[in-house]
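Per-chain numbering from 1; labels A, B, C and D assigned in written order.
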Amino acid sequence: MAPIPPSEDEVLEYFKTCSNWGKWGQDDERGTINYITSDARKNAAGLVTEGITVSCSRPLSKALDPDVHNPLIHFMTGSGETWTGKPSERNSMQSSGDFIGIAFHGFTVTHVDSLAHVFWDGQMYNGLSADHVTTREGATKQSIDVLRDGVVGRGILLDIPKIRGKDWLEPGTFVYPEDLEAAEREHGVKVRSGDILLVRFGCLMQRNEQGPTKRHLEKRAGYHAACLPWFHKREIAMLSSDSAQDAFPGGYAKLPMPIHQVGIVAMGLWLMDNADLEQLAATCARLKRYEFMINISPLRVPTGTGSPVNPTAVF
Amino acid sequence: MAPIPPSEDEVLEYFKTCSNWGKWGQDDERGTINYITSDARKNAAGLVTEGITVSCSRPLSKALDPDVHNPLIHFMTGSGETWTGKPSERNSMQSSGDFIGIAFHGFTVTHVDSLAHVFWDGQMYNGLSADHVTTREGATKQSIDVLRDGVVGRGILLDIPKIRGKDWLEPGTFVYPEDLEAAEREHGVKVRSGDILLVRFGCLMQRNEQGPTKRHLEKRAGYHAACLPWFHKREIAMLSSDSAQDAFPGGYAKLPMPIHQVGIVAMGLWLMDNADLEQLAATCARLKRYEFMINISPLRVPTGTGSPVNPTAVF
Amino acid sequence: MAPIPPSEDEVLEYFKTCSNWGKWGQDDERGTINYITSDARKNAAGLVTEGITVSCSRPLSKALDPDVHNPLIHFMTGSGETWTGKPSERNSMQSSGDFIGIAFHGFTVTHVDSLAHVFWDGQMYNGLSADHVTTREGATKQSIDVLRDGVVGRGILLDIPKIRGKDWLEPGTFVYPEDLEAAEREHGVKVRSGDILLVRFGCLMQRNEQGPTKRHLEKRAGYHAACLPWFHKREIAMLSSDSAQDAFPGGYAKLPMPIHQVGIVAMGLWLMDNADLEQLAATCARLKRYEFMINISPLRVPTGTGSPVNPTAVF
Amino acid sequence: MAPIPPSEDEVLEYFKTCSNWGKWGQDDERGTINYITSDARKNAAGLVTEGITVSCSRPLSKALDPDVHNPLIHFMTGSGETWTGKPSERNSMQSSGDFIGIAFHGFTVTHVDSLAHVFWDGQMYNGLSADHVTTREGATKQSIDVLRDGVVGRGILLDIPKIRGKDWLEPGTFVYPEDLEAAEREHGVKVRSGDILLVRFGCLMQRNEQGPTKRHLEKRAGYHAACLPWFHKREIAMLSSDSAQDAFPGGYAKLPMPIHQVGIVAMGLWLMDNADLEQLAATCARLKRYEFMINISPLRVPTGTGSPVNPTAVF
């Protein structure tokens, strides 16, 4: 039986009850990353017992698929064809090179949102005015460069379809705190302060098997807004999934993406959208453990609102 | 007294004596990354005793500095100015976004070269023809995506100016195996198979203090070609520094960049150019240890010749 | 009754019989633009009797339509939202700006192909080796900058669907010299040396009415290869249409795009692909004349293989 | 003797006295282009007596010169090197292609500003709010696509250094209405309603001869603000020069670029910055006439704030 969802007013109330504004000082730009302590990092390193690494990133794609807003731009600045069959010459080097360009926000690229990515009533996390993010200069506050030293900590995978005996959740399915706790029990883990939480909905497996469609933009499995107090109470440092977190449609007209809106603005919660959790889920199932060290190192774009990333889980 | 450098013929001979072609099979695309074993990763995790992380990446810069070939392109696809002072509305989300574009090869961006980046006599690592890297498709072999699961292992910093009592090596200074071994002794570490070796020349500190100039393109401190057999014998997995590795001018007309040319093509050696080792060096000096866990996770560009990265050292 | 098409061998023979190699000298890069004389330009100006101008360019589109290979990239470097309701300040200017990026070749952008765009057996127009077009430097010969002073001359519109009493030719329809001559008779014009010939197939009207589909990439109305000797004999300076010229499939396995292949390589014929001829056709019909002055001014990309253009017809 | 320049208050008064707001209706987006009548176009065509065309565009440059804010981005999507020495194959075409990207505003690219490029006190031409130009969508009003049918009319060149017996005006030199009228007398032309006025300051020749420097950003020859009423009274349709119009420094703290600010916002005056008038001036001098037909056809960027152009003068 599905839980009774909160009313829209109750969700709007989360902006206060789940708020971290001022918690780490008026100038704080780190939000929930503050939950990751030195001890959390040390303990995470202690989880490395196999010496195995697993990527949680989708490949960047040039394909103009129906659910892609902004495909990767990739051009060669030099190629091998120039040199085929030619001897190397003095004072010159045979080399190739390339240019990559990407507008990573959206529903297909694995990326981290900085806290400058979403606003509510014209305000950013910690009460800053939205105009700290300008067209000319970018995010002059709360940019992705706040994470310059990388995010290293304990990762937890909760595989919701697996505990339901399915390959994936159907588009539009909500995931509630009750589901997260059921998965905790099933997997034998418990999410705690400073964790990087990755939840598998199976969205990517469905896309891989059925092909990309525009429908995936219109109806998506994801977290219900009711998870917000749970994330807040558990003090997670970063939230991820194989989708863009929010179930869609989410059921609240004023909050089309409550996880993004309450999460980023009120909680200062870091989101990592559109991960690839397939290999991770297989590894967890094989090793029968759902905790691991994880490293997420965004590119240092000084005024960026996020960055494509290749998160590395280490077992 | 400076070591007697090898003759050009002797360096050309390295293409054979330092070759790893066929060592890991005819289809191998991983080269020296093969040296990183599960045990190496586990041991690296064991070095995490403080729970401190340090970025080894320079910020990506939009500045048209004299030593920049290709500045970062960074455009906003949405900004906060749109929303300042405005209440959030139903069915719409206040958000910002951006586009980043970068041709990362060169002398200013922290990036990893894939083995598809350099050719010798029209050939790539492991004897493939250079035309596997095409203008239309990019690196169809030996692309950066070979490292999709991330590079996790033991990092070693050797701080050459420090052991000489200087801030930086003057442009044009050669670093020889003798210098590397002197630093090993001084720092109390020994480079071994599977290590990620980072050597500080001080190039970035000099740039930071004196400002960028075109001169840095013409004369650079760096490894002498004589280091190649040493890298080969020590079986390092990846080589980095705060420069683009090769000293310039390097002294050999036929090999303007022998570390790139012999290293990538013959050895299959992965290079990470233009790191920022200032904070890392300060941390090593403070903690009095020059070994640490390091994680380098290139973006998954399926046919890329490299990727900008933000390497994270964990102590 | 449809004309009997030439055999593939006969079309391959066009590489010789329609060749302009050497005609204007061994170093010529201008090809058929040489046909436009000063007198042709003067006469074209004499056609301006109404003082009306008509664009023959489609708008550049950001839409990821199914027949679009490379959508326009368009980012703002400054926007008006920054300044709304704010007084101008000393020493600063309220302004906006943008970045545009486009890979214009393909089937949707109105653009001119330079003679460096197509090769046959590894050769360019006038017998140059294809490697004059490099990944690193672009078209070092026969670039679009050859047309730096603009193309000004007499334009002729032949509206094939109109003379057949249709809105458009169905995808896959061939246009033969017989059709061109029928249109000449119907419209009361005769194509002569130095003319810029624009032929309406109705492709764009069909796209506008039915919406873009992938099918338009697979089956397109266009010129039959049999038109090549006619273009050669008539000495046209530039060829255009509301498609990418070649009918598809064209009927010849070795020459998937004979108008591009024989036209560009053998004849040095300048092509302007994907024009918008709807307003032009309406104007010609209204004024009952199918000749006009036309001006096509490619951007000066020194080593470009073409340029997006906005051709202006003047009546 | 230099004219007595107006006070800052007098220049600010131009916003009223030179205003065209409402002149062509409340919804007008065409501004001074309205001055170009059908008769003006016909008369312009009548000036074509030689059949000669001259480009007024600088080449787009990839060089990172000191006065370049945003160099051309130019990448090959296919190159000839792929095909060198290879026979053409069935069902495949040997071709090349490229991508171009440009942020054209600034001081080096020949481009037209749309009326959406500059604001005063948060307003655009004709009193629209600046927020019609958004980060997300671009110029939703008064975009460059207003000029979709091309600008065709009479061009007038006034060569100020020539009448002073110099090669160029020194950086910082002001050009006043008195200079324009002296050039009119000297050249035997008179600027009238609907003209496209191009004035040569010699800036580009100086750059060509002395090389690009940062100084050219700090001190530039150009129109004095005192020219604004003259442009208004003469009813010119478009203003151009071999610089970005405004002399710099211009002498007015509140209006760093009065030609851009009063011209675009109050007058709805179209500006074409950074033309190359060297070949044009030589042609005018040789033919002893300073009037000609001119065609300027911006790219159709639906929400662009301008476009790079290649203006073609026809004699």
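As a convention for this text, a residue touches a chain if its C-beta (ideal position, glycine included) is under 8 Å from a C-beta of that chain, and two chains touch if they have at least 3 such contacts.
Since this is a predicted model, take the numbers as computed values, not measurements.
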Fill in the blank from the handout: Comparing which residue numbers chain A and chain B contribute to their contact, where sharing over half means same and under half means different, the two sides are same
Practice task
Enter the angle, 0 to 180° in steps of 5, of the rotation superposing CA atoms of chain B on those of chain C.
Solution key: 180
Practice task
Express in whole angstrom the distance between the two chain centres, defined as the mean CA positions of chain B and chain C.
Solution key: 46
Practice task
Just give me the whole-number Å value for how far the CA centre of chain C lies from that of chain D.
Solution key: 27
Problem - Length of the line joining the C-alpha centres of chain A and chain C, rounded to whole Å - result: 46
Handout entry: Where chain A touches two or more other chains at once, by residue number
Key = 73, 76-77, 79, 81-82, 99, 101, 134-135
Exercise for the section: Counting only chain pairs that touch, give me the topology of the graph as line, ring, star, complete or other. Expected result: complete
Handout entry: chain B contact footprint on chain C (complex, rising order)
Key = 73, 75-77, 79, 81-82, 99, 135
Fill in the blank from the handout: Within their complex, chain A touches chain B through residues 37-42, 44-46, 48-55, 57-61, 70, 72-74, 76-77, 79-105, 110, 116-122, 124, 129-135, 138-139, 145, 148-150, 152, 253-254, 256-257, 260-261, 293, 295, 297-312, 314
